[in-house]
Each structure stands twice: as structure tokens, then as C-alpha cells.
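There are two complexes below, and they share chain A, which is joined by chain B in the first and by chain C in the second.
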Partner chain A sequence: MDLSRREFTKFGCRIIIGAAAGATIVESIATLGVAQEESSNKEYDWNEHLWGYVVDTRKCIGCGRCANACKLENEVPFDEPVYRTWIERYRIVREGTEESVKIDSPDGGIKGFAEDIPAEEIKKAFYVPKICNHCDNPPCVQVCPVGATYKTEDGVILVDYNYCIGCRYCIQGCPYGARYFNNEKRTADKCTWCYHRITKGLLPACVQACPVGARKFGDLKDPESEINKILDKERINVLKADLGTKPKVYYVGLDREVR
Partner chain B sequence: MQPHLKRAFIILVLVIIGFLFVRSFIVPESFGQYGWYRGDSVAELRDIPVGYAGSASCSGINNECHKTTYSIWVDSRHKTVNCETCHGPSEKHVIDTRVMPEPANDTREFCGLCHFKRAARPADFPQIDPETHGENLKCAYCHNPHKPWFL
Partner chain C sequence: MAVENLVWGYIYPNEIEIQWSVLIVLYPYITGLVAGAFIASSLYHVFGKREIKPVARFALLTALSFLLVATMPLLTHLGHPERGIEIMFTPHLTSAMSGFGYIYSFYLIVVVLEIWLSFREDIVKNALKCKGWKKQMYSALALYSYDISGKALHDDEKLAKKLAIIGIPSAAFLHGYVGFIFGGIKANPWWSTPLMPIIFLMSAIVSGIALLILLYIAASKLRKKVLNYETLFSLAHYLWVFLILDVALELLEIISMKYESLEEIEIIDRLLSEKIATTFYGVQLTMGIFIPFVLLILVMVMKNREQLKTLMIAVSSIFVVIGVFAMRWNVVIGGQEISKSLSGTNTYVPVFFSQEGVLPAIIILTIPFIILLVLTYILPPWKDMDEDID
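Moving on, here comes the complex of A and B:
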């Protein structure tokens, strides 16, 4: 057998590509079997749901019980300034003829908001609860180098704590600042919409804790769900719509100052 | 075949086998099961235990444990305030009643998280001036936390 260098390279490349393709096919056939096996013995079917979230900023009283419940339910460190959900206070303050916007969120709102500006200087004030938007087009998932964060079939963005290498790209990548670094787990961490609760038919802890119904959670695939009724009736906005991230947290009564 | 080509082929094949061998150890079994992530992690996140049981676990549907408290609460102005918002997460207590939940916070500041006068609150939400209202007594001295108009 007489081979030129070109023929050798060609042949070699074919073998590599062929072997890789073969391995991938064999592997995908093997895992296909597993996927069917596993999902058939679970009562929760994620193909039947697409979760969504509505925040009515007109109702929020800024009590911070949502952020508190979230930390307790999800074991988010209490002594660190990290939050899966938090409340921001926006105050539009008159200073002579000038107007300025003051935004603060002391302790994420968990300990309430002290009044530190005289009432007569405040033109307008309101609270805005913030949470992971569980984008349909999530930038954080795109930047993960190891596949440790992902979008589930029911539309929730999760972090695989056993696979995350803690590189913090996703924390940088989130335009909403919804991710944080968990110093106890040494991984990135974020809101899961309480995935352990919603897959058992319960509400996320923050929604259950809200005393005024400013936070609503439900299934976008169910036409009868409460949030679909709100989306049909109210004027809806999302945060930073121009980024094209397609958030699934919808805001009612959002002021133009909110970013 | 020329011997130097033969050697090259053998090395190539060994490298491929070695790559696949090492890869099979490094990549977790369930990786790629649903997408470019570890499929098992979905079940792991689903199996995290629940902390908040929900007001319906205190009485009503499943049991009659806190029948009196529950029945005055359900038709009070506080019916939208969950038991566990004041009493803390109590799933462990629901499963085993010997595990008592933390005592409810009965300070003025706690009620004040919702009721102290704040400029950013919706004006129609009932708010009080902490300086003048209730003569610095605990709120429960006059209001029942389970039914605030039960003076």
C-alpha cells in the first residue's frame, strides 16, 4: 500500500470524524432509552407547563416578607448581602426645581424601609420587587462554559450545584443582577421559582408570603390560570425589553424610571 | 503499507480510544439526557425539602389541628397574611408536631413592617403612625393578630 501524504491526512481525518460520529450516535441511542425510562415514573410532566410570574407594583407595600421567606426556604445566607428576590424603593425627590430619582434596597427590604427623606420633599414613591426573570432567551445560560446552568422544558432557569465550577461568568452575564455567588456552596446561585415547590403543586415561597397579592405565579400554558387572566386584562411591561432576553416576569404598573 | 504510516495509524487509533475512554469517565452519565446539561440535576433540585407548609396545612383541608385560630383567621382582614408569614416556616412541625415552630414575632416593629406609615406604600393600605398609635404598647394588647378587629 502506497499512500501520499494527502491521502494519509484524508484517511486519518475520516477515521477521526467517523469515530466521533459513531460514538455520538451510540451515546444518544443509549441516553434516549434512559430519558424515556426516567420520565415515565414521575407524576410531574414538565411538558405540560410553562411557568410565568406577574408583579403588580401598584400593590406592593414593601414589607419584605417575600425576600425573608425566600431566604428561609432556600437557605440563602442571611448574613451576606445576597438575594434571590429583593425589593427596591424608588423615590422621586424634589430639590427646589430639580427632580432626582433615589433608588435603595437596604438588606433587600427584609428589615423594612426606614423613612429618611421628609415626606414633603417626595413627589412620588413606590416599591418594585425584583426577581430572576427566567428569560426565554437567557444570557446566563449562553455564557456558562460547562453546562451547569440551563433552561428546563417548563421554562425555569436552574443551576446544577454539583457541576458549577464557580467561574461567575453567569453572574456577570445577567443584565438584571439576579445571580449571586453562594459562599457556602462555592457556586453561582439564583432564584429557581422554588422548583422543589412548584413541581409538587405548591406556590413559590415569595408568592405565598405576599400579603397583598403583588406577586402572582402560574402556568402560561393553562388558559384558565390567574396570571393568564391578568396578562389578558392589564397593561404589561417587562424589564429591559430592548435586550431581547424575553423575560417571563411581567410587571403591572411599571414606572418609566424603573430599570 | 510503509512502516512509518502503520505506526502513525496505530498511534491515531490509540489516541481516539484513549480520548473516548477518558471522556466516558469525565462526562456524567446523564449529561445530554435532556439538553446540554446533567439530566440528574433536575431531579436533585426537585427533591429539596419544602420549608413552608402553607396555611391550609394548619387546619381546614387535611386536619383540624388549629380549628379555632384558623376559623377566626379565614374571615378576618388578615386572611391574606399567611400563618407562616408571622410564625415562620413550619413544614417540620406539620410532619412531626413535637417539633415546635419558632414563636411568632409579637413586637411592634414586626407589625410595623406592614403597617407603619410609609410614603412609598399605596395610600389605601391601612397604616398607622408608630409615634402616636397604641401608646407604645404591643399591638396584640389591643388587636388580635389572627383577627385584627377583635378588640
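Moving on, here comes the complex of A and C:
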């Protein structure tokens, strides 16, 4: 083949553009495939939904059933310090004339909380359930160097375990500590809002397990959904709003001490 | 040690495990040495500083030796090293990390070409002179093109200069970019700053020059040749200048953090006073910057006494390379020792024997010196050192 330099350049450019377009198509198909793998419901159309989550911190009693249900449902190891959801306990404690904030979450709150400070010293106390915020502007997706973690059309952040290289940049990038390293899969891992359940019309395990209704889950696209009713009625906050991550976990009764 | 002793205050439950180990400390350290050594060589190749000529080609070989191992700590650290190449095939372009493969490869090509052009005359002469397998090797290295006429060499030089001009921004980009990997993480208040790339770059140049000084002194001692003091003092002078830029930026970062006193200041204060006090104030600032700064001023004002001045420069350079390592440590490890809850701290405990332990780190840091030894055997840069500067 006898090509001039100009022809060669044009030819080269075409190959590069073609390959990039091809890769994009393949990648979008692959992404869809992985999300579908999470669900056994082939009828499910992710364009019809946008999932959201509400936590009413005023209701949480710190029983830990949610975190326990999550580990069981998603086979998150019980003997490792890794959590897809956990409960934090905040106690404002009087020490003479001073006040201090004591925060803890022993074993993610799975076994509940021990009363290790005399009640009369505690001025105020409350529990705050934590979970992946499935941000609309997710920093974990932004920093993944290979696109192994991605946002589905229905707003859930998932990890492709067959693609993740295990660099852990996403764990560093998440401001909420919601991600962990799965030592068995050797990849990053996180809450999926029980994608395998919600695509079949079930609730996430943590929401199902909560005995007091502190955790609510539903479709933001459905004006009649319970979470939309709460969002319409209550004063809502999100965690670390200043970081611009646009979380889709909405908090009712969030205290200023919570980060 | 029990977990309770390592944790202070409240950290998110998933933060118990520190994700980026000593290997990730090595990564910016090694790329920094590469960028620094390359920029030192371009002082001659681009800016025509003839006093640097004796070490210019040696600096290029040093840069290549370290560049060849720069990916090792990363690959060793990955959960799936076999998938690492995906970063080249399907880079996710919003990620600061995704450009690494391309920037690295581009820079590797620039450095290799630059070395080839500056050693081509020697390679061709060896190909013509040697016998047997050596002839084969040098002929292959010469790409079977033996034109070393005055015009050909002049063209080489012109091309080498152009390449070095591309090389400087590439070196700056390679390392500035490594800074951005940390600086662009808004989740971490200790990392997130637009100054990070430029701080990384300045400390890179500082560490590269210091390493070059040490290797130059070592090579001269081993070869039992006298040092070219003009070259040595000139390198020391550049080291001093870049130390000033480096410390100005590092202090600016800390001072503005303290002055603005945002939400995270309490945990940053705790990091600086409890967690990394020794490695930050002691090693990074005092040993790595202030002592060399003072010693190098003395070198510049003292007359004669070459032996003593050489010793002072050597000590400064050793302190600088240790100080810059501490700087990388304080960024990478320090940033992970504070909780993103801003309410507690964790402690990194290095392990010796493990995939991410101290032993692989030591091995990875030894390899470049072996590569350099081999490279200087194949492409000896010594004659530049033994000639007088014209």
C-alpha cells in the first residue's frame, strides 16, 4: 500500500474515531447487561423509575436490624469491618460546664448499642442510619479510571465486579465512607439499594427490616409514592450538601453535628 | 495492637482499613524523581546551561531507570493487576487516573527518543568498533543506520532539543497530573487543593536534582575521578532555588488552611500535631527543606574548601530526598489517617511481608539503581564528565 502522509493521517484518524465510537457502543451495551444481571426481572424498564431514599432520624431506635439484614441479604462478610449500611449514635454529653459530642458505631451498630454513659450526663442523643447516597453527581463514578462503577438510568450507583481493577480510587473519592474493598472479589463494593430486589418490586432489605419506619424507599418519578409525600411535607436535608454530590438519600430531622 | 489504640474519635466503619499503602507513597515519589532528573538534564539540552553538560546524559539515563519502574507499585497494589491494562483500552475520561497510561507512555517515548538521539554517535561508533554479540546489540540499537556525518549529528542535536522542549511540559504534566489525582478529591480536605499539582511538581524537581547530585558524586567516587565543581555547585544552586519555590507553596497551603479555618481545621490540626507531627515538621520541613536551605547558602558564600562544600551538598541532597519521601508519605498516608467524618483519626501500620508491605516497596525502590547500572554499562555517559566544559 502506497499512502501519502496526508492519506495516512486521514486513514489513521478514521480508525481512531471508529474505534472510539465502537467502544462507546460496546460499553453502553455492556453496562445495560451488567445492570440486568443484577435483576432477574427481564420485564423491568429502568427508564420508568428514579429511585430515592428517605431516612427519618427522629424514628430510628438503633436496633441494628437494618444493618444485619443488609449483611445477610447481600452476603457482606460479618467478620470484616465492611458495611453497606450502618447506624451512628450521637450523644451530646455534659462534662461539668463543658459539652462534647460522642459519636460511635460499634460493628456498624449491627448488635445494637450499649449504654456506657450514665443517662444523667447525656443532654441529647439520637441515631442516624447511613447508607450510600446514590448521588446524582457521584464522585465515585467520576474518579473510576475504567468506568467499572456507573449510574443506572433509574439512578442507582453499581459496580461491575468483572471490570473493576481494584485501584480503590472510588473509595477515596466517596465523601461518605460508603464504599469498601471486597477482599474476596478483590474489587470495590458498595450498597446497590438491593437492585436485585427493587427491580422486582420489592423493598431494599434494610427498609424491609426497619421496625419503626425510619427508612423509606420509593420512586421519585411516581408523584403518589410515599417518599414523594414525605419530601413534599417535611423539611429535608442531605449529607454534605456543600460538596455538590446531590445525594438521593434525604434526611428528616438531621442534626448539625451529623456529617 | 488493638484497633481501639489506633483509632481516635469517630471514623466511618468502612474507614478501619487504610486503602492506599506505602506502595502508593512510592508512586508519586518515583515519578517525581523522574520528572526532576529530566528537567535537570533539560537545563543543558534546552536552556543551554553548559555547566550542566557533564551530567545531562547521565540525568536522562537516571530518568529512564526510574520511569521504567514507575508503574510497578501501582500494579502491585491493584486488586486485579491483570485488568490494569483496561485503563489504556477503556479509559474513563472523567477520572484523573485514566490518563495515566497515555501520559506515561507518551513520556516514556519522549525519554527513550531523547536518549537515543543524544547517544546515537556513541552507539554507531560502538557498532562499527565492537565484535560479536556486542556489534549485534549496538547495530540494533543504532537501527542499522550508521550516518554520523557532521550534518547528521547536527540534525540529531536539533531534534533532541525540540524533543526536550516537548519533554519539559510532558515531565511537568506527568507529575503535576499525579498531584491532581490527590488534589482533585473533594472528599478529602487534606488533599483537595488546586495547589497540589504545583506543590508536587516543585518537590519533584527538588528530589530529582538532589538524586542526580548524589548519583553524580557516587559515580565519580566509584570511578575514582575528580568531580567537576562547576557542575556540582551549579546543580546545588538550582536545588536551592527550587527549594525556595517548594517551601513557599507548601507553607502557603498550610497557612491558608489555618487562616481560613474551615470546618475541617480541627481535624487537620490534630493530624499535624498528633499524627504526622514528626514526619511533617521534623522530616519534611526541617530536615528536608530548612537544613539543606541553610547548608546550601553556606556553600554559596564559602570560598574554596571544595571538599567541605561537596560534603555539605551531599548531606543536603540526602536530606532532600528523604524529606521529599516524607512529603509524599504525609500526603498519601496523612490524608487517609483523618476520617471523612472529620471527627476522628486512624493509624496506618505498615506491614513488612505482604503484597502491599515494606519489603516490596524496598525491592521496587532498588530496581531503578540496578537498571541504571546496566544502562550506564551499555551507554556510558562518563566521557561527558571527564571532559572539560567548553
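In this text, the second predicted complex is superposed on the first by the 217 of 259 C-alpha atoms of A that agree within 3 Å, B and C clash if a C-alpha of one lies under 4 Å from a C-alpha of the other, contacts with A are read in each partner's own complex, and residues count from 1 in each chain.
As a convention for this text, contacts are C-beta pairs under 8 Å (C-beta built on N, C-alpha and C of every residue); 3 or more make two chains touch, one makes a residue touch a chain.
Since this is a predicted model, take the numbers as computed values, not measurements.
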Q. Of the two partner chains, chain B (first) and chain C (second), which one does A:254 touch, if any: first, second, both, or neither?
A. neither
Q: Tell me which partner A:160 touches in the superposition: chain B (first), chain C (second), both or neither.
A: first
Q: Kindly classify A:127 by the partners it touches after superposition: chain B alone (first), chain C alone (second), both, or neither?
A: first
Q: Answer with first, second, both or neither: which of chain B and chain C does A:186 touch in the superposed model?
A: second
Q. Once the shared chain is lined up, is A:143 touching chain B (first), chain C (second), both, or neither of them?
A. second
Q: Tell me which partner A:76 touches in the superposition: chain B (first), chain C (second), both or neither.
A: neither
Q: May I ask you to name which of chain B and chain C touches more residues of chain A?
A: B
Q: Tell me which partner A:243 touches in the superposition: chain B (first), chain C (second), both or neither.
A: second
Q. So, does A:172 touch the first partner chain B, the second partner chain C, both, or neither?
A. second
Q: For A:58, select first, second, both or neither according to whether it touches chain B, chain C, the two together, or no partner.
A: first
Q: Please identify the positions on chain A that touch both chain B and chain C, taking each partner from its own complex.
A: 23, 27, 147, 163
**Q.** Of chain A, residues touching chain C in the complex
**A.** 23, 27, 81-83, 86, 88, 101, 103-105, 107-108, 130, 139, 141-147, 163-169, 171-181, 185-187, 243-244, 259
Q.
Per the contact definition, I'd like the list of chain B residues that touch chain A in the complex.
A. 1-2, 5, 8-9, 12-13, 16, 20, 28-39, 41-52, 54, 80-82, 84-85, 88-89, 109, 112-114, 116-122, 125
Q. Which residues of chain A touch chain B in their complex?
A. 1-3, 8, 12, 15-16, 19, 23, 27-28, 31, 34-35, 38, 44, 58-65, 69, 72-73, 89-91, 111-113, 115, 117, 119, 122, 125-127, 147-153, 158, 160-163, 192, 195-197, 199-200, 202-203, 205, 208-209, 211-213
(Q) Applying the document's contact rule, which stretches of chain C touch chain A when the two form their complex? (A) 9-17, 19-20, 74, 77-81, 83-84, 86-87, 89-92, 94-98, 100, 181, 184-188, 336, 339-344
